[in-house]
Amino acid sequence: MGLRDVLPGGGTSSVTGGMFGDGSPTFLTSKIDWIINWSRRNSLWPMPFGTACCAIEMMASAASNYDLARFGMERMSFSPRQADVLICAGRVPYKLAPVLRRIWDQMPQPKWCVSMGACASSGGVFDVYSMVQGIDTIIPVDVYVPGCPPRPEGLIYGLMMIQEKIREESLSRHFEHRAEDPSSVARPHANDAQVVGLTGPFGNSTQQEELSNKESGATEEPPEELIP
Amino acid sequence: MTLDETKAGLDAVEEGPHPSERSTGSSDGKIDDPDGHPSVVALLLRFGDSVSGHRVSAGTQHVVWIDSARNLEILHWLRDDQDHQYDMISDITAVDYGAGRPIDVVYQLFSTVHKRALRIRCELPLDGLEIDSIVELWSAANWLEREIYDLFGVTFRKHPDLRRILMPHDYEEGHPLRKDFPLRGRFSRAEQTRRALDQSVEHSYIAEEMDLGRDPQQAAPIIGTKDGDG
Amino acid sequence: MSKRTVEFNVGRNPEMGVDGSVVDSPILPFDMPEPDLGTENMLINIGPQHPATHGVLRLVCELDGETVKRVIPHIGYLHSSFEKLGEYRTWNQIVTLTDRIDYLAPLIYNCAYVMAVEKLMEIEVTERCKVVRVICMEIDRIFSHLLWLGTTAIDVGAFTPFLYAFQERERIYKLHEAFTGARITTSATRVGGMMADLPEGWTDGLQDFIDTFLNTLDEIDRLLTRNQIHIGRSQGVGAISAEEAINSGFTGANLRACGVEYDVRKDQPYYDYETYDFEIPVGKHGDCYDRYLCRMEEMRQSVSLLRQALERLPGGPIDVEDPNISLPSKTDCMSDMESMIHHFKLITEGIPAPEGDCYMAIEGSKGELGMYIVAEEGGTKPVRWRIRPPSFVNLSVLPKLAEEHLVSDLIMINASLDIVLGEIDR
């Protein structure tokens, strides 16, 4: 009797809907979800995959001034087997790519990934023969923290976004959350209209003309179900 | 430098960097005023036939071009002769000027005894990129020469361990710091990613290292070698 | 030349020979015969993802039990091809790249690079600029040594010095930020001067730092220098003789710990270092403990240098007043046609260099940092930009140092070399 038997849509269970109903939240599921998510997000053990300058800012975040211990993250787990969130801090060349992939594979679920810095997110300054142009070509990334290097506050904000993401999780969508199929999780699938809608309220400099042509008050609500 | 050339430099990352056409770079047999640097004077006296040029660069730095076939002999003398005693090799590097010009191997020497620095350059034609290794003179040359081999493709004869150092050992795109090598590499990004992920993480146990743990009496395979799981 | 031999005899291993060589002191009683077991050597892999390798370094070790028979370092896991990127950038654009090479002492790299370019172009910077650059380099020497101290201590198990060192580094981060706007990637220098003059009140902040930093250093000193565990783990470990060290290309505190008095600031002085009053600490045994002592003393000497530099900080312009090299001020550009043309040409084209090559060595925090620049006549981009990284050559000596030591000693030796992978792999 494993998880697959009690969750909806899982495995070959003959009991329709399983213990948790048809996927819509119930009192029981939301309370259990809340407990699980609370315990997960407040005890994340980061796996610091630090390579370059961003690693120094990550160390500074862990030190006394910015103190990651407030979030329960002071136990930097250098063994991927015991880690929850992989913080890839720094540039990743192609020689290091299989190592990163292997470390990610060795981490047990549930796991999340923070791409810290411009180089990890997109290759940064290094559009060169040896540099991976963004680690999301290799592993699925949950949060990108821009900066070169991002300030410790920036990294902390990124980790808080991971915490937010965990807060919204639900056991009934377990397989969705933990899916690693690159075609479905590697990059968000938002079309142009959705991107404009998302960024509209905050101002998106690449679409300035479009926004300024809109009637005031016409900033649309971001569509539902934007990114699974 | 016109505006177009500048722009082309920044945008033209698909090709190699702008080759230096105007640089004389090489010796041309010109000898500048060697006074003020006793080693240059002595070199010209003793190995005059192998010296193909000399220049004073950046105001005070003496650069001597020598015949690349005699680099070991000349550097040996520079290291051991009492008046010169260049006991420290600060740097070994190479310069590719592009456009079919020869590649220069540059030796930067320093004497802690006499507090003097000297730069020696050897020209290598593109179809003969081979020179003797000087690892036997200074062991610092080991990794420095490996790097030149990796990035420029210059072969160092009698080097104890000539293999790639910065790039993966089976890197096939060529020698990156050459002027004809484009900044983004020769393969597409997708191909580079694919090759990177195909690399086995254990493959760095190369042939020499695979023999490391093997006791000649032992027949048992060692984990991580090609006989074992790896 | 002034030097001080650092020697500290408290608790030194009585088994150490007079010349610093380690004498075999077996743990087992001598008369017990070695059992005749069939053994084979073990091949283990440390890294590239490892807390104690100080970056993405991979060490493949052949072990006989716990004794290292052979260790082969593999590098290249951070190769970012700075040197090739430099061939596509103008002289001032390369300054932003230099921060990212040695991210532990970015101002030193910024200064080293523009010093090499200025030497090639035979540009003499202003007196104020010289002193400000000396201040920047000495601050970053402390900055880098503090990180080395923290990480070395944490590698041998001492967590507290790491936190103390990082708290002091935060104060230097604030100084960096006040001056340049960035904590790590400072990009503070330009050919012919600096990106900007020191802001008001910055020297007060620096004075404050100098006055109180030594207290923390003394505290860390109290924790580590006479600590029996630290001494036991570092004395006699990774020793090398002076001749071998010079021949292998060792530089920096590693070389000075072997008794060689080589410091680029004294031997090939630049920026009036010969007029400052400071000593270079020289060790005796060439082991990890001596390297530790040398670097601790270097931090104190840097504080003294900073004090002297602050005292002699002159007024005047910070940039060379040649509009073909330094950007004219914005007010001038907006009012004066010539300045606008100079500004335009400097930004769009860059500074034209003379034909030639130049090797400029400075004393970086890790050793002799050399920048070799080859330029063509009128070139605004380098033909070749070579960085001679001290850590690259220092690391190549690791196999020699770690032979016949234990695995835990290997970690200590690696830490004591003070390497940074960013500059090794470039």
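All chains are identified by letter, namely A, B and C, in their written order; residue positions are counted from 1 within each chain.
One rule holds in what follows: a residue touches a chain if its C-beta (ideal position, glycine included) is under 8 Å from a C-beta of that chain, and two chains touch if they have at least 3 such contacts.
Remember, it's a predicted structure, so these values are computed and weren't measured experimentally.
Asker: Of the pairs A-B and A-C, which shows more C-beta pairs in contact?
Answerer: A-C
Asker: With centres defined as the mean of C-alpha atoms, identify the chain lying farthest from chain B.
Answerer: Ranked by distance of C-alpha centres from chain B, the top chain is A.
Asker: Roughly how many whole angstrom separate the Cα centroids of chain B and chain C?
Answerer: Inter-chain centre distance comes to 23 Å.
Asker: Whole-Å distance, chain A centre to chain B centre, using C-alpha means?
Answerer: Going by mean C-alpha positions, chain A sits 43 Å from chain B.
Asker: Approximately how many whole Å separate the CA-defined centres of chain A and chain C?
Answerer: 36
Asker: Chain B: which residues touch two or more other chains?
Answerer: 13, 167-168, 176, 181, 183
Asker: Chain C: which residues touch two or more other chains?
Answerer: Within chain C, residues 76, 79, 81, 84-85, 425 contact more than one other chain.
Asker: Can you tell me which residues of chain A touch two or more of the remaining chains?
Answerer: In chain A, residues 95, 99, 128-130 touch at least two other chains, as defined above.
Asker: Show me the residue ranges of chain A that touch chain C in the complex, using the header's touch definition.
Answerer: Residues in contact with chain C: 49, 51-53, 55-57, 59-60, 63-65, 76, 78, 90-91, 93, 95-96, 99, 103, 125-126, 128-131, 148-149, 151.
Asker: Which positions of chain A touch chain B when the two form their complex?
Answerer: 94-95, 97-99, 101-102, 127-130, 132-133, 137-138
Asker: Can you tell me which positions in chain B touch chain A when the two form their complex?
Answerer: Chain B residues touching chain A: 13, 167-168, 173, 176, 181-186, 189, 192-193, 195-201.
Asker: Spell out the residues on chain C that touch chain A in their complex, using ranges where they run on.
Answerer: The contact residues of chain C facing chain A are 48-51, 55-56, 76-81, 84-85, 96-97, 99-100, 103-104, 147, 162-163, 166-167, 169-170, 173, 183-185, 421-422, 425.
Asker: For the complex, give me every residue of chain B touching chain C.
Answerer: Contact set of chain B toward chain C: 1, 3, 6, 9-10, 13, 17-18, 20, 22-25, 55, 57-59, 61, 63, 87-91, 93, 95-97, 106, 108, 110, 112, 115, 117, 119, 138-140, 142-144, 147, 151, 164-168, 176-177, 181, 183, 202, 204-205, 209, 212-215, 217-218, 220, 222-225.
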